[in-house]
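Comments concern the structure below.
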C-alpha cells in the first residue's frame, strides 16, 4: 500500500472515533473502568504478598542453651550458627534479657515478679531467623544437633498455620488477578464487539465496493488500539495517583502496616493496564470483525 | 477471447427456499450495452449481484472476464469488484462520510494516489450533477441525489464493466435522460454497461439489447429490443 | 370546515444551510388527489415530511386537519402520524421483523385488537401483491417488494390522508399502474392522497391536480395537470 | 392499552432478545461478569467485617486483684462486675491458673519454672470482655474504682492500633463496594446504551409510523430488565456456589480463620446482584433511549 493509503487509514481511525463520539466515549470508559479495577486488585494483591512475606519473616527458631555453656562454648556455637546455610540472622538472649522480656510481657506489674529475680529459672537462648519458612524444620534439626543446645522450639503448629495462610493468600490472590483478568478481557472485548457490530453494514458496503479485508480492518484495529491505549493509560494513572495517596495516608496513620512502596508497584500497574488495553483492543477488534468481513 | 460475462445454467435458491433464478444461460460481449427488464421480483437484482459476487449461484457457473465468480477465492473477490462499477438499487452509501469521501472510497480501495483522488472525484461528481453536495452526508441528500452519488462512485475508477441496478428510480425524467446519456457515453468509450431498469420510455427510445426475466426464467433476449416485463 | 392541509409561507432551511423550501403557500382539500412533481432535489420529500412531522418549518405554518404541525407538542405527534399513512421514499421497514409484522405494527400503534390485525393485514398485503412474502424479512425482498410493503403499511389502518413519496420508483410499469389504480380507489373511498412522483406517464394519464416545485419554490399548481419538473 | 398490546410488548421484548442474539449474549455476559465481581467483593467485604469483629472481640481488660481479697470479697466484686453496663462477660483467673498459663506460654520447658511454684508471684485477675471496643476505657475506669482491684490493664496502645486498623478496614471496604458499585452501574449502563444505540434507526421508524414513546420504550425496558435479571441471578448463583466451596475448603483446612457462614451472606449477595441487575437494566435502558425517542 502506498503511504497516502496508510495516512488515510490512520486518519480514518481518528475520524471514525470523532464521528462515532457516542460509541467512543462508551468504549473508552468501559476500558478505563475495567482496567481501573484490574489495576486496583493487582495493587492490593502486591500488598497481600508483602504482608505474607512480612508475616513469614516473623517466624523464628528459639534454641535454648544448656546451663553448662560458658563464654567460650557460646562463641563456638555462634561461629557454628554462622556456618549453617538457611540461617539469615540470629540474636543471643541472655538469661537476664529473657527475664526482663518476661517481666515486660506482664506489663506494669514488674513488682509482682520481684521474687523471681534471685532464682531466674529462665535459660539463655538464641533467636534464629531463617531465609525461607520452609527451611525451618531443617535448620531446627541442625541447630539441635549442636553441642551446648538443650532444646529447640519453633512453635511448629503456629508456623504451619501461618504458612498455610500465607500460601493460601498468595494462591488466592493470583487466582483473583487471573480471574479478574479474564473478566476484563471479556468485558472490553464485548464492548468492542458491540461497536464493530454497530458498523457491520458499513463494513459490508466497503467490501462490496472492492475494499480488501486489510483496508477495512486496519482502521478499525487502529481504533481498537487507540481506545485501549487511552483507556488503559487513564486507568493506570488514576490507579497510581490513588495508590500514592492511600500509601501516604496509611503509612502516616498506621505505620505498623507494611505497604508496598508506590514506586515499586505503580510502574507495573501502568504497564499492565496500558498493555492490556492495547492487546485487548487490538485482538478484540480483529476477532469481532472476522465474521463481518466474510462478504 | 470469449465473452466478458457468461452465465451457464445458473440457478439461485435463497436460504428461505425462494427460487430467484432458474437455469439462466447468458453471454455478454465486451463493449455491449444491455438492459435487464422484468417485473418486480423477477430476479434482475439477483442476476446482477452474481456478477460482482454479492450472491453466488446455487448451481451453474458465472464467469466474468477471466474470473470464475461462482468459485472465486475470498482473497481475489476485492480485485474482481474493483474492476466493476456498481450502482446499487439501495445506493449503499457510507452513512457517516461525505459525498466526496464516499466516491473517493472507490478510488482508495485501488490504492490511488492523493492527487488522482483530488482530480478525479470532483470531475465525476460534476458529471453526475451533485458537485455542490460534495460535503454533505448521505442523510442530508434527497433520494435522487443519493442515487447519483452511488452512480458517481461506480464510475469513478473507470471500470471495465458498469452494473447499474435501477439507477434512475428516484430521478425525474429529465435527470434520468441525462443519466442514460451518460451511461451511453461511458459505453461508447469502451465500458460494458448492464442496466436493470423499469424506465420503459428510455428503453424503448434507446433500442439496445434487452434481456427480459420473468419469475427467474430468461424470457427474452432481443438485440435492438424494447421494454418487456 | 377549512382545507385538510394548509402551508402558510413555509420556508425550510436545513442545518447545513441548505434551503429546501421557500415561502410555500398551499391548500389541499379533503378528498383531493394531488401529485407533487419537480426535479430531483426540488423539495418534494421535504414538503411531505412537514405534513407528518418528520421535519418542521424554519418559518411559516403547516396545518393538517385540526393540528398545527409546526408547533405540535411532542406528546400529540404520534396521534397525528397515525391518522396519516406514509409511503417513505426509502421504505423505512423494520429490518428484523417479517413483512406481516411490519404492516401489523402500524395497527398495533393504534392499539388495534388481535382480531383486527389478523383480518386486516393479509387483506392489505394481498391488495399490494405481496401476500406470499408475509413471512420474509425486508432484506429477503426485492426493491419493488419492499416498496409495496411500505405502501401496505401506509394503507393498513385506513388513514384519512395518504402521503406517498415516490411509491413506484422501484416498480415495473405494469405493477406501477396497478399501484396507481389502487391509490385512485383509496381516494375514491374518501382518503386524501398526496403523491410525490417522477412517473411522468402516469401523471399525464391520470390528469389529477399537479403541484410543481422547482428549487424549493412552488412553480405551478394545475387542477387537471400534466407532469412538469 | 388493551391486554393484547401488553402481550405484544412482552412478546416483542422476548422476540427482540432472540433476534439480536449477538447483542443479547454480549450484554448478558457483561451484566453477569460485572455483578459477579461486585458480589465477590461484597462477600469479601463481609468477611473483612467479620475478621475485624473477631479481632476486636479478642480485646479484653485484665483487672488484677489485690492479694488481700478473700472468698467473700471476690464474690462481691463478681456481683459488681455483673452490674457494670458495657461488660459482655468476664472470667476469673486464679493465681494457680495464671501460673499454669505462664508455664504454657514457655512451651515444653515447664521444668525450668519448677522453682517458681512455691512462690507464685502472679496475682489473681479477671479477664473482662466488653461489648464494644470503644467502651474499653470507660469500663476500665469503672472497674479500677472497685475496691479489691489493684490494677487495670488493657494494652491501650495495641487496642488503639487494632481499632484504627479495623475501622480503616471497614471504611475501606465500604468505599470499595460503593466504588465498584458505581463502576458496575457505568459498565452495564454503557453496554445497554450501545445496544439501544444500535437500534436507534428502528426506534425512529417506529416513531414515524405513529408509535407513542411508551410503545417503543416498554418492550426495550422489559428487555433491559430481562437482561439484568438473568445476568444478575446468574452472577448471584455462581457467587453462592463458589463461596460455599471456598467456605468448605477454608474452614476444613484453616478452621482458625473466621469466615462468614454462606447461609448468612449468600442470600444477600443474590438479592444484591439480582436487584442491581434489574434496576440498572431498567434505568439504563430508559435513560439511553431518551434521546433517540425525540423524533
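Note that the chains take the letters A, B, C and D in the order they are written out, and that residue 1 is the start of every chain.
Quick note on the criterion: a residue touches a chain if its C-beta (ideal position, glycine included) is under 8 Å from a C-beta of that chain, and two chains touch if they have at least 3 such contacts.
Note that the structure is a prediction, hence the values are computed from the model and not measured.
J.: Taking contact as defined at the start, I'd like the list of chains shared as neighbours by chain A and chain B.
T.: For chain A paired with chain B, there are no chains in contact with each.
J.: Going only between touching chains, how few steps reach chain D from chain B?
T.: Counted as steps through touching chains, the separation is 2.
J.: Which chain maximises the distance between its CA centroid and that of chain D?
T.: B
J.: For chain A and chain D, let me know how many angstrom lie between their CA-based centres, rounded off.
T.: That gives a centre separation of 24 Å.
J.: Could you grab the centroid distance between chain B and chain C? Build each centroid from C-alpha atoms only and quote it in angstrom.
T.: Those two chain centres are 29 Å apart.
J.: Can you work out the whole-Å distance between the CA centroids of chain A and chain C?
T.: A distance of 67 Å separates the two centres.
J.: Compute the distance, rounded to whole Å, between the mean C-alpha positions of chain C and chain D.
T.: 62
J.: Would you please write down the residue numbers of chain C that are in contact with two or more other chains?
T.: none
J.: Could you draw the chains as nodes, link the ones that touch, and say if you get a line, ring, star, complete or other?
T.: Chain contacts: single closed ring, each chain with exactly two partners.
J.: Using the touch rule from the top of the page, what pairs of chains touch, sorted by label?
T.: Taking the chains two at a time, the touching pairs are A-B, A-D, B-C, C-D.
J.: Using the touch definition up top, name the residues of chain A that touch chain D in the complex.
T.: By the definition above, chain A touches chain D via 22-23, 26-27, 29-30, 33-34, 36-37, 64, 107-109, 112-116, 119, 121-123, 151, 153, 155, 161, 164-165, 168, 180, 183, 186-187, 190-191, 193-195, 197-198, 250, 253-254, 256-257.
J.: Residue numbers of chain C touching chain D in their complex, please.
T.: Listed in rising order, the residues of chain C that touch chain D are 52, 54, 74, 78-79, 81-82, 84, 86, 88, 92-96, 105-106, 108-111, 113-114, 153.
J.: Please name which positions on chain D make contact with chain C in the complex.
T.: Contact set of chain D toward chain C: 1-2, 4-5, 8, 16, 19-20, 202, 205-213, 215, 294-295.
J.: Looking at the complex, which residues from chain B come into contact with chain C?
T.: Counting only chain B, the residues touching chain C are 14, 16, 18, 37-41, 44-45, 89-90, 136, 140-145, 147-148, 165-166, 169-176, 198, 200-201, 227, 229.
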